[in-house]
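These notes open a run of structures that come right after.
Same chain, two partners: chain A is paired with chain B first, then with chain C.
What follows is the complex of A and B.
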């Protein structure tokens, strides 16, 4: 039995398909995610213009804000161009050289104009609009204080706090970890890797079945009991799936520096359960008679891709879809293996208690058992009507 | 005592009767050739004996005992060399032989000696670290044989082991089978090649439509088609010419 385990692990570890799809592909995908989210944090200053007309000359406070945000350095937000007329600013917009421009209105409040090339959901538009909004709010606050308590304006600390909302707003994290929503993609990615890891058991189990492969037939006439062969193969597939998931987890956690929550032990427990589900799924698909290995691998790929779509792996629209399904059809998501794995890490990351985590573990274990029992219906046969 | 005793075996695939009351007795030390055209039931018969296939009627005894899928004690005494090369593509020659030998022999020290012996027996000493894909067709066949015989079984089934191999490898395989028989193994050998069967088999069973249609030694079978002897002057076959020109030494 130990020999079967040893050589099963060895043959799987040397299988090129396994190495490519279960180890290499997820690492590449994780790196791509980091590159995409990294672009956001390492954002270039936003090309912007400001119309320096008579109104602007009278709005020295706004000019100070613009000067601060345009100062070269790591914190530079705006790449500011100064123009004298609105026509010049419009021309820059049309030429696509700027995202938007500011102009002070007759009411002394800034207005921001955007290029139609950038959609309203573009984060650079959001930032420019937020700059103008904050300035207007701060000005309104100062005017209110001036009306009701003009002496207070003599206090420089109050003036600073009025113009900086962060100084009187305390940021409180209500979840177990600071909410960085991009980590949800990595949770979904781990779920997808788990389903891809089902290919390991697919290959392993097909090689034990006399009706599915020449190697299976050869092994079936050997003197090692079928139960021992199946147990050793299942264990080998589970352990190897876990190793593949641990490689992806460690890569994201330690190389890409993704925060999966503070409890690595619970993370490993989640991966062990995910590997068990993957092995059961692979065993079930692998044990289906008459289908070729290529067709079965195709089935697993389809399951992985669609499950990942409904678990939110493919960007914002996919994440919204996943959230909608979770809200409206929670029992449907219970059937989604990628979502089930992702929800374990979600629970570890966002919740203070382990209740949701253990509920998720039980759910995943039940899924594994159901899949395993399904596989047993095919695997229990020792002799076949056809081979 | 019969090493293999098959009595009135019936195997149906729907309306098709693959084995029609097929019976077979193989004595210890025999090299039995199982001949027959495609679809005659040779491989089905072997798969039923090995308990890979279910059958509708009949009984199978090996070494005097009823054979069932869970009779691992009986399976331990059997070696199988299947028609297709059935090994792990990712394991080396030595690892493959060790894996299959370990299905029968748990003692690691004894197994190492058996694996070394099997490697030497099939002449794969220079390829122990090669993976099967790197081997030629002939070498793969020899690996297949080594995996089936490493544990020194008492009864060995060879299912067309010389398909798609060059004459040198074929000669080597046939010599190896004869050596195994001299060492005490009973052999069941299926093939399409009459000359091979005639060369190595002590008894021949010819099957057709799932039934035994002839059973006897080569000379007994020849006697069945006419009492008069014929003197035939035969030119050398192409096989003879090929071996004469290229020698009998094994190639990769």
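What follows is the complex of A and C.
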């Protein structure tokens, strides 16, 4: 059995193509996530324009607001362009150079115009609208005060508080680590890598099956018992998957300096469990009779892509879809292997205790067992009418 | 043409597998575009899902304030304990948790009346969704108005201040989404599908081509082919022609599925724009084809091409701005994005999205983007041919 294990490991190690890509995949993707943006929540100033016509010249308060928000620096919100006519602003919108523009109406209130440009997740429109709304509401509130109690506006304390943009909220953290956008990508990526690592077991198991490969047929007539062959191959595939996942984890954790929670030991335990799920999944898909290796790899790719979609890997629309599914059909996500692996890292990252982490581990172990039992249904057969 | 015919026979020997694969990948695009609202003609606020924890139950002001917030966002229920809040953040159940502390209403009224600093409300904002913080402006505006009414004496009681603040919040600036043509605007969900189609087409063309190339890359077949009295260029050109048909098949399935699924949303939309969108996808399919052909020269098996396709597909989609708009990337990455073909495909889609009817003004930048895609395709194909020649020489030596 030890011999089978040793040669399974050697044979998998010689399959450089798959190993290279399964290792390369996380390294390339993780580096890309880091370079696209170290922190996705950091936002570039919004390209905006303002029409400087006669109405604007009379609205000095709004001009002050615009000037403050366009001030270069870390807090800069607007990347402002000043134009003289509405036609110029329209042209900028049409050319896609701005998200929207402000124009002061004859009632001295700002109006905001948006581009018809395709922006399915463009929350920047809401930010521009909020800026104009805030101005309109502040003006309306002062008018209400002026109507009901005009002498109050002479109170210096009130005037000071009017010009002071006080914040009535303070952000607090209730989780063990601060919630940042980038962790979603890294956690979902680890989940997807785990599912792609199932390709290793797919190849390994196909080489044990008499009806699936020439090597399998040769091994079937060998002296080693079937059980020993399968156990050794399964163990070799699991070790290999774990090594691939560990390389990805170590690269992201120690070279890219990504925070996966503070407990590396628990992280490794999560990866071991993820590798077990990947090996069981690969064994199940690999043991399906009649399909070629290419078709099976295609099935794994589709599983990986679908699961990654519902774990939120594909950007903002995918995250919203994933959140909706989690909110409305939480049990459906229990079946999603990428989400299950990602949730282990969510548990390590966000929670104070390990209760959720161990619940996640148990859930992933159950998934592995179910997949493995499914694989056994195909693997137990030893005699074939045709090979 | 024997090689061409044989290659096509191999390709069409597995129609169910290829169709299933293409449909499954296209379904991802359909799922992705499900969350996109088609009403782009009107402005719609983007607000996070909100959970309100009111520890000041029974206080008129706090209750009215909580009611106001609830009226402006999608509300989810959340228990008032740390564990539930951690669940909400970890599982993205609520992106904005607002905690109104006990005694808040009274303290707020007292601070306003005496001109002192107002008490603060604790918020837990999830940064794992892109617009988690967008409740803050509404909350601040409401409390700012309420404070002004109390401080100025306009409102005699906190309850009255809450009423007036609520009325103030009904004032808003006029927002207009510009429309440049009279024809019906393009369906945003269809555009979402077509944008995602670059990922779908890249993966599906690579898998389609890999089915073909894997058969021809088998050592025994390759040795036999090398001995055949056919020049390598002729052989490759015929194989490339078969791959082209495979690519057309993928393009037709992905494009056709989009037209079928979004047929209702596309009623009244300019047919020329739809055709140009499909032409753009075809131009991108050429890039995918040449890339698949290139990968086929480097990698031998279908399995490897599958994994490679996934990596390249994701890298292209992220860096080209398909999954994350390039506007959100650092400047340097925006420059690098221009070296990725998906960037030009995304640009072409954007050009067509805002062109509700076709004019010379819209065609020129579109042609520029499509031209770049064809250039990418030619470059990948040239490298693939060069590699093929190198392989031939190395086999000979």
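The rule is short, and it goes like this: the second predicted complex is superposed on the first by the 252 of 387 C-alpha atoms of A that agree within 3 Å, B and C clash if a C-alpha of one lies under 4 Å from a C-alpha of the other, contacts with A are read in each partner's own complex, and residues count from 1 in each chain.
Going forward, a contact is a pair of C-beta atoms (placed from the backbone, for glycine too) under 8 Å apart; a residue touches a chain by one contact, two chains touch by 3 or more.
Predicted model only: the values in this text are computed from it and were never measured.
Asks: For A:218, using the defined touch cut-off, is the partner it touches chain B, chain C, both, or neither? Pick first, second, both or neither.
Replies: first
Asks: Could you look at A:210 and tell me whether it touches chain B, chain C, both or neither (first, second, both, neither)?
Replies: The answer is first: A:210 touches chain B but not chain C.
Asks: Determine, under the contact definition given at the top, whether A:36 touches first (chain B), second (chain C), both, or neither.
Replies: second
Asks: Just to be sure I read the superposition right, which of the two partners does A:304 touch: chain B = first, chain C = second, or both, or neither?
Replies: Only chain C; A:304 stays clear of chain B.
Asks: Quick one: is A:199 in contact with chain B, with chain C, with both, or with neither? Answer first, second, both or neither.
Replies: In the superposition, A:199 contacts chain C only.
Asks: Which partner does A:226 reach: the first (chain B), the second (chain C), both, or neither?
Replies: first
Asks: Based on the superposed arrangement, let me know which partner A:184 touches: chain B (first), chain C (second), both, or neither?
Replies: The second partner, chain C, only.
Asks: Using the touch definition from the top, say if A:55 reaches chain B (first), chain C (second), both or neither.
Replies: Neither chain B nor chain C is touched by A:55.
Asks: If you count the residues of chain A that each partner touches, which comes out higher, chain B or chain C?
Replies: Touched residues of chain A are more numerous for C.
Asks: Residue by residue on chain A, keep only those touching chain B in one complex and chain C in the other, then list them.
Replies: Comparing the two interfaces on chain A, one with chain B and one with chain C, no residues are shared.
Asks: Using the touch definition from the top, list the residues of chain B that touch chain A in their complex.
Replies: Where chain B meets chain A, its residues are 13, 47, 50-54, 69-70, 72-73, 75-76, 78, 80, 82, 84-91, 95, 98-100, 102-104, 147.
Asks: Using the touch definition from the top, list the residues of chain A that touch chain B in their complex.
Replies: Answer in residue numbers: 3-4, 7, 10-15, 207, 210, 213-215, 217-226, 382-387.
Asks: Quick one: in the complex, what on chain A touches chain C?
Replies: Spelled out, the residues of chain A in touch with chain C are 17-18, 21-22, 24-25, 28-29, 32-33, 35-37, 40-41, 43-44, 47, 90, 93-94, 96, 105, 109-123, 125-127, 129-130, 132-138, 140-142, 144-145, 148-149, 152-153, 155, 157-158, 161-162, 166-176, 178-181, 183-184, 196, 199, 202-203, 292-298, 300-302, 304-306, 309, 314-324, 326-327, 330, 346-347, 349-352, 356.
Asks: Using the touch definition up top, name the residues of chain C that touch chain A in the complex.
Replies: Result: residues 14, 17, 21, 24-25, 27-28, 31-37, 40-41, 43, 45-47, 49, 76, 82, 85-86, 89-93, 97-99, 115, 117-118, 120-131, 134, 136-141, 143-145, 147-149, 151-154, 164, 168-169, 171-180, 185-186, 188, 191-192, 195-196, 199, 203, 207, 210-211, 214, 299-304, 306-311, 314-315, 317-319, 322-325, 327-330, 333, 349-350, 353-354, 356 of chain C touch chain A.
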